[in-house]
Structures are given as structure tokens and as C-alpha cells.
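Below you'll find the structure I mean.
For clarity, chains are labelled A, B, C and D in written order, and residue numbers in each chain start from 1.
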């Protein structure tokens, strides 16, 4: 089914006076999208609206061309991994996923097959027969992801699926979502830990105070932020000599030499010309450059600029 | 409609297994086994005791009056209340199923277990009471249909109570507390008041069903026979009516209900 | 509170074993934790929480010796005394929902031994320090994850303990909140001479705040040492991102006998002669290319963590 | 970019920590603060006891008014005075017993509501992690929760009792109620404290055993209602009052009638039986609480 994955028009949702989402107009294409934003920015509310668990208080929302709330057609084609840890404690991992698959209309055998396959895929193969009550936080997250992908949905909505996973688990789940994306499944993942999103996708949507602040590949979003100069961090054995030469360049805004560790922070509006000039100056001054890094491209920097 | 039936059957099967495994089920089973056990203990005592009294006193005072509402509150409130409190309802609300089936399917499972337990307990009580020495006076012979009436009354009581308390789970955050409040303070208070407000309590209809078939048998136990008792058929219609209405309201509300499960 | 005696280990464990039924949570742990900020890493279920409970004297070890700030957690009297000198920030949810932040922190401070007035002032100071402004008077049930984490840290700080046991302090925090929490932890460790034992899964956080690292795996210490040592890579090489005429630059490197591996289209891994990259800049200039990023190849803590786990699992078959 | 610097001045805490002997006190104060935050349940649950106290005090006041206006004569010597008001004193004594009986039901409701959630809510919220990582012994923890339940019990039982005695004392001429009937006052206080202690222990044990406050409430209701029904059914069956000993509520009633010196009492059995049963139950309850709190301290 072509067309936009989802589109929201002046979407709003609040709980009493507490505003979850104030006024969101957004449309997303298929593929893997990272949803980032500070605590309380409205990510969870938005995901619950997309998953059809709650109704908008204002505005309209269409997912896969459908009105999401309590829409059986959407539930057939989408999987939801909620934020809360709750699971059926007294059932085993296999029983939980198989039961939920049966609700999708699969036969007993088909449900069991899909449950086993999903559990293997998230790495819960050997724990499938154990009671969920005994699962660690990481295992619970994997079980929740398993029930969201077991019925082979077109869209998976996951609310902070990496919360509580150790680095091994995190790496595996990121790979799983990336693979799902490659297999044509659209994935909408919200997370706090930005370096996870960068590993998973370049397409980000940034929420803040219940509104859409930015959307698109990280790099391009950074370009739009012209009002913020680009920051480059250098380290050299003789920082002062190098700094004196750099200050001469007319497109360099400021140079700050760190007190002890030979660090130089440079702010400039034209990054490319700066790198060209640096290559020349470093060769001439032989100031012993040991590291060169430009922070701005990282999502965290973009996040700070926008959310500051 | 087919989706409703299929989902109800699925939820029925799953919840049945989970209810049987739940720790609180042993508590309810113990409570229900109390009446027949006590009857058996009484049977051992040398005193001459009439089987009829054992059946009526234990049957009504213990099983119908206290155990039925208590067990129904504990099991009924867990039908939806527990799932809401644990916030696992999300997994059901985002499935392509008919939502009313969630309430109906799970209630059916709880009701099955409750009815089975209470019917068995009443039947067992009847059997133990039957084993007592025949009474000297003809008046105190246990009329043949009395045990059947007790079994019926117990089953109907838990059926109706559990339907009511399950529906409370849809509307209230703490259905157990609201249920306890109703069962023990409101019902306990209203059921003993003279006049029409008895009709507001489920106990009244259960007593009507119970006493209307063999009124003289229940004379021994005070305040069982209500002042203007309905006949058995009317009482049954009322009880089933209450259960159906309660479930219908709950099911209808569940269709559009949003549960704001704050993180 | 005077800082603990210099260099005496804050925590020392010798041959500590703790068994829960069939599961051996701690399997003969040998560990010395020096003052300052130490990270305790390990996959889920490696025994971190058991170790913390053991140090707090809440759990008795089946075998082995444990010392915390010179106290033996096994002895009840010591157990109570040492909990006065430790600030514990649990990983799981642990805040009573109906209380507000001031009530909770001051009550816990009073339990620790502060007088009524001290408890209230310390509560407000700690809440100021963690940056919980006027929300401190609202019920905790309405707090966001970030605010809850801050209250948890505040209650651990209220009685100014020399040792802090922080279990996943940045869990569930957004980047701003995480950075703020990490700065607090680093500030406590370095500026106020507090010893910090930090359990975390977010290794970048650990890299920012801790100087020592202990890796626990299946109840045993898989690796421990100073962070810098652990992450010092064996081969000294640099990772370079190049722009402009990349091919010319590669040829230039080859002509000067500098080995270079191509990590991706514009990223190369180069073994630079001498200990700085001036030569690389010169070669790039000559080849009509420019360097956009250059970093000493230091294996990130992630890498170290994964390698340590791999060898410890292989070692134990 | 907004400069974010962390110059929060972290001021170390100068004076030493006092050795906390009364560690339970701040926890108790906090529990009470939480409980009394919501005013509606407080009003609903204590409306009954308050009304009982006021109504019965008024009746006691009336007792002394009627006779006084009637006699009119000069005050007769002390002994005579007592004889003259003997009937009133006896009447007030009966009033107190009646008040204590009615108040018992309300006390169970109030203590169940405030007590049932104490330990199980702590475990669900995980708050025990915070408390046990403090220099707080298990005994302090239990004492704090017990004190909370005990306080609500006293408000429901001791409050009305004392009020009635007070009004009776001041309204009886030359405080003869105090001089003559002081054993009744002492008995009322003693009985209230014992009753509230036993009930607190029972409720805390139920709270320690259940997963959630709602289950604990159901259990407390269950215990009282089912034993009551059991006692009723058995005594009707066996046609002997002894069987009421199966009912927990009857034991409380028996102890009350005996301790407060009620002339006639529904139950006939030796009161020491009830004292033994209630005493045993209280000890078992404390043991259960101690065991569960020990387990709670270890398991996360």
C-alpha cells in the first residue's frame, strides 16, 4: 500500500489539564523513523494515538490510511510495544505471545509457530518456557518486542524498547529493527538514548512541549540550524601556536584554548573552508595535532540546539 | 458477531486456566469447602441434630449470605480490575478483537469456576445433610428438591454477583473496594430493612428463589423468607436480568472506553 | 564528614558467595574498590543488585568476607551503622506515590539520624542540588521519570554520606536530564570527595563520570581496573575521515609507506608515524584532500565490555 | 546555546548524625501524614464514632439533669448522695458499654481502611528498598506501621469512650462519677487499648500477606464475616451458645462485656477463653508480620 505511512493534522490530546500533545501537524513516510524529545514532550501520547489505544482530543490522525482508535483493521497491520513493563506474569513467554497471536485470528498451530519464531528472533529462545514473572527487565523488553512483531505487521510502534537493556541486548534489538526495516516493515521507535537512534536510522522526528520541532535526516536538520555556528574541537601538543594561526582566518568566529589538556574549541560558519585551511596550517605549524572532532553532526548537539 | 464469539471463546479458555492457577482461587475454594466440612464435623457429634437444620443453617447463613458475595467480589473484581491495575489491558485493546468480548469472555471463565465450586459445595452439603439420622417428627424430613434449590440459589447468586462486580471493573479504578462496600454494607443494611428497598439487593432475589420452593423448610432460619416473596421463576428472571444488564452496560462502555494508563 | 582515609579501599570483597536456590548470584567475588568514582558493569542478571544488597547488609553472604568503609555488613550493629554512611539510589521504582518529594527526603533523613530542622533543610538543599524546583511539593505519583530519578538521588544525598551506591541513575532520562545527572555524579565524585559506585548499562555515561571500572559476569569479576588502561587500544592507530580527493590521499600514504585500511568510502584507519598527525595533514594537503575528523583509535568501553564478556564466557566454557 | 554550568554549591552536612534510637518515629509521622491527606475517607469513617461519642455523652448528661431537678432538697451527706444517684451512675455505665459495642464495628472499618494498605502498598511501590537501606531495623519498621493502625483505632474507640467518661464526670454532682465509678473509666481505657492492639496486629498480618490493599481489605472483611456466619450457623444448629466461640467478633464482644463489667452478656463462656484466643491471634499476627518483613527486606 503506497502513500504516507501516517499523517496528523493539528493533532491534540490532553489528560485533564495535563497536555500530552498540543498541536501536531506531521506526515511520515514508510521506513524506520526515530522519535526523540525530552521527557514529557508527548512522545508516548503520540505513539498511543498512532497505535489506536487512545482517541485524539482535537485534530485528525490517519495511520496506513485508517482512523487508528479501536480500529481492528489497523491492529491487524500494526504491532505496538508499550512503554510500561506490564506483562502476564503467571504465563510463560510462549503462552503470552501465542495467546496474543490467537487473538489475531491465527489457528493454534500457526500461532505457536509465529510465537516461537518471534521469540527466537528476539533472543528469548531458551526462556520461552519460563514464567514471565521470573524475567529480568531486559527479557521483558524482548518479550514485548516479540509480541509486537510476531504477526508480521506492516508497522511496528515501539515506545522506548531499549529501556533497561544492556549493551549486548541493545545492539541485538537495534539490529532486529534495522533488519525489519530492510524487510519493508515500517518502524516508529521512541527513545531517550540518542546514540541508539543514530545507530538505527537517520530519519528523526523531534518533539518538544507537545509540538513537532524538527523532522528529517539528522544532517539536514543540522544544516537548517544556520543560526548556530559549527563547533570543532581540536587537541594539539602546542595549542597556543596553532590557535594563533587559526585566529587569522576570517571565517573563524572564536577560538578557545582549554586550560590544561591542549584542547582548542573553534566556532565557524563555514566548516568546509575551515577544514581546508586547517589541513594547510597544521602541516605548516607542525603544532602536533592529535585529534580533530566536529561535534555538531551528532544528534545530541542538534537536540540541544533545538531544545535549548 | 463471529469475531465476538471467537474472541469470547479465546479469552474464556485463557482466563479459565489463569483463574484456576491464581493463588486467590485456593482462598475461595477453602471458603466454599467450609460448609460441607463443618456439616461433616457436626455429623460426628453424638447430639441428635436434624439434617434439615444442617442444610438450611449452613447453606444459607454461611454459603449464600457471606461466601457467595465475598467470593464473587474477589474473583469478579479481578476479571478486569486486575488487568487494568497491572496495565496489561494494552495488549488486548490493540488487537483486532471486539472489545466487549474481553469483559464477557473473562467473566464467563470466572463465573464457570465460581458456579462449579458453589454448586459442588451445595450438593456436597446436601449429601452430608442427607446422611443424618431421619428425624422423629415428619415435619423435619428434608424435602426432596431442597438440595437442588440450594445448588440453584448458590449458582445464581455467584453468577449475578460476579457479573455485577466484573462490570464495576470497567468503571472504577478499585472495583474490589466498591464491591465490598456494596456487598457488605449496602446489601447487609438494606436486605434486613422492611419494605420495598429490599428489592435493591441481589440477596432478596436469591432468598426469594430459595424460600419460594419449600417455605416451611426455611422456617428454622430467621430472615430467610422475605415478606412478600416472588416465586422461583420470577426470582430467576430477575437475577439473570440483573446479570445480563450489568454485563451489557459494561460491554457497551468498554467498546468506547479509553484507558489513560499513565506511564 | 571527613573523607574516608586516603587509598584505604572503600569496598573490599574476598571470596564472597551468594546462592539463591540453584542460581549462584555471586560466585567467589574478589574485589577492591578504591575511593573515587567506580563503575560496576555487567549484563542483566550478573549479580550487581545482589552485590549492592549484600554491601548494605540486607543480604547475608553464604561465604567470604565483605568490608564497606571498614564495616562488616554481616554484623547487625555494623550493618545499621554503615547504612548511615551510605547513600543508596535503587534502580527500580521505589518512591511512595502519595508523598511529596520534601516529605520523603526529610523523613528518610530523619530516619538516618538528622534532627527535625536539619532534615528539612537538608531535604531542600538536596532537592535544589538535583534541580527539582517547585514540583517538589506535588505528589510523587504525578512525577515524570526524570523527576523521580532526581528525587532518588536527592534522598541518597540528604545525609551527606561519604559513599554513594547508584544503580542505573540515568535510566529513563532524556539527554538533558542524563547530562545533568552525570554532571552531578561527576561533581560529587571529584569536587566533594565522595566515593561513588555506579551501576549502569549506558557505557558513554560511565566514560564521562568514572575513573575505575569493574565488569561482573555471572557472579564473578571478569575485569577491573582504571578506565583509561582498559580502553587503551593495543595498536596505536588513528581513524581519519577525509574529504576532497580521497584516492590521491591514499596513494600519497602508500608512497610514504604508511599502512592504511579503508573502513568506509571516506573513513580510513591509518598508523601515523610519530605520535601526532601533522604528517597526515601535510600529505592530505599535497594530495588536494582535507581531513574532517581524526581520533586516536581507542576502543570504546562498549567494545571493551563486549570483548571482556566474550573472553570470560570462553574462559569458563 | 544556553550555558549550563553546575555551580550548585553542595554544602556538606556539618554536625554529626544523632544515633537514631527512635527511627520508627519519622516513618510513623510520614505514614500518618499520607493517611490524613485525603479528608473524605477520614470524614466518612470517623463520622460514626464521633456521632456515637456525642449522642451517648448527651444521654449521660441527661441522666444527671432529670434527677437533680426532681429532688430539690438540700444536698444530703456524701453517702446519701451516692445512694440517691446510684441509679444514674449505673445507667451511665450501661451507656458506656453500649457505646463501646457500637463503636467496635466502625473501628474495624476505619482500621481496615487505613491499615490494610500499610505493608502491601510499601512492597508494591518498592518503598521498602528506601527504608531498609537506612539505619532502620525491622522492628522500627513494624513499630511504625503498628503505631499508624493503632492511632486510627484509638481515635475510633478510645476517643468516644473518653469523651463519655469526661462528660459524665463533669455532669455528675461533685464528680461522684469519677470518685465512685473510676474503675469503669480505667476499664474503658484498658479495654480500648487491648482491643485496638489485637485488631492492629490482625490487620497488619493480613496486609503483610496480601499483594494489594484491595485484597487485604477483602481478607479482613472475609475473616470477620465468615467467622460470624460460621458461629451463627453452628450455634443455631447445635442449639448451644458455646459455638459462637467460632466467631472472631464474638470473642471481642465477650472480652468487652466481661472487662467493662456488663451485667448480662449474650455469650456465656468463660471470658478467659476469649482472652486466650485473641492473645494467641495477636502473637501469631506479629510473627507473620515479622516473617514477611524479613523476607521483604531481602527480596527486591
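The rule is simple: contacts are C-beta pairs under 8 Å (C-beta built on N, C-alpha and C of every residue); 3 or more make two chains touch, one makes a residue touch a chain.
What you are looking at is a predicted structure, and each value in this text was computed from that prediction instead of being measured.
Trainee: Determine which of the two chain pairs, A-B or C-D, is joined by the larger number of C-beta pairs in contact.
Mentor: Ranking A-B and C-D by C-beta contacts puts C-D first.
Trainee: Most remote chain relative to subunit C, going by C-alpha centroids?
Mentor: Checked the centroid distances; the maximum from subunit C is B.
Trainee: Can you give the whole-Å distance between the Cα centres of subunit A and subunit B?
Mentor: Measuring from centre to centre gives 51 Å for this pair.
Trainee: Please report how many Å separate the Cα centroid of subunit A from that of subunit D, as a whole number.
Mentor: From the centre of subunit A to the centre of subunit D is 56 Å.
Trainee: For subunit C versus subunit D, what separation do you get between their C-alpha means, in angstrom?
Mentor: The computed centroid separation for subunit C versus subunit D comes out at 50 Å.
Trainee: Residue numbers in subunit B touching 2 or more other chains?
Mentor: Only 263 qualify.
Trainee: Considering subunit A alone, which of its residues make contact with at least two other chains?
Mentor: Those would be 304.
Trainee: Return the residues of subunit C touching two or more other chains; collapse runs of consecutive numbers into ranges.
Mentor: 145
Trainee: What residues of subunit D sit close enough to touch subunit C in their complex?
Mentor: 4, 6, 8, 10-13, 15, 17-20, 23, 25-27, 29-30, 33-34, 37, 121-122, 125-137, 140, 297-298, 300
Trainee: Would you pull the subunit D residues touching subunit B in the complex into a rising list?
Mentor: 212, 214-215, 217-219, 221-222, 225-226, 228-230, 232-234, 236-238
Trainee: Once bound in the complex, which stretches of subunit C touch subunit A?
Mentor: 42-45, 144-146, 171-178, 201-204, 243-244, 275-278, 281-282, 284-285, 289-296, 302, 305-306, 309
Trainee: Over in the complex, which subunit B residues touch subunit D? Could you list them?
Mentor: Per the touch definition, subunit B meets subunit D at residues 24, 27, 31, 34, 38, 42, 45, 47, 49, 53-54, 57-58, 61-62, 65-67, 70, 73-74, 77, 81, 85, 174-177, 180, 184, 220-221.
Trainee: If we count contacts the way the header does, which residues on subunit A are in touch with subunit C in the complex?
Mentor: Subunit A residues touching subunit C: 37-41, 136-139, 160, 163-170, 192-195, 236-237, 272, 275-276, 278-280, 282-283, 286-294, 300, 303-304, 307.
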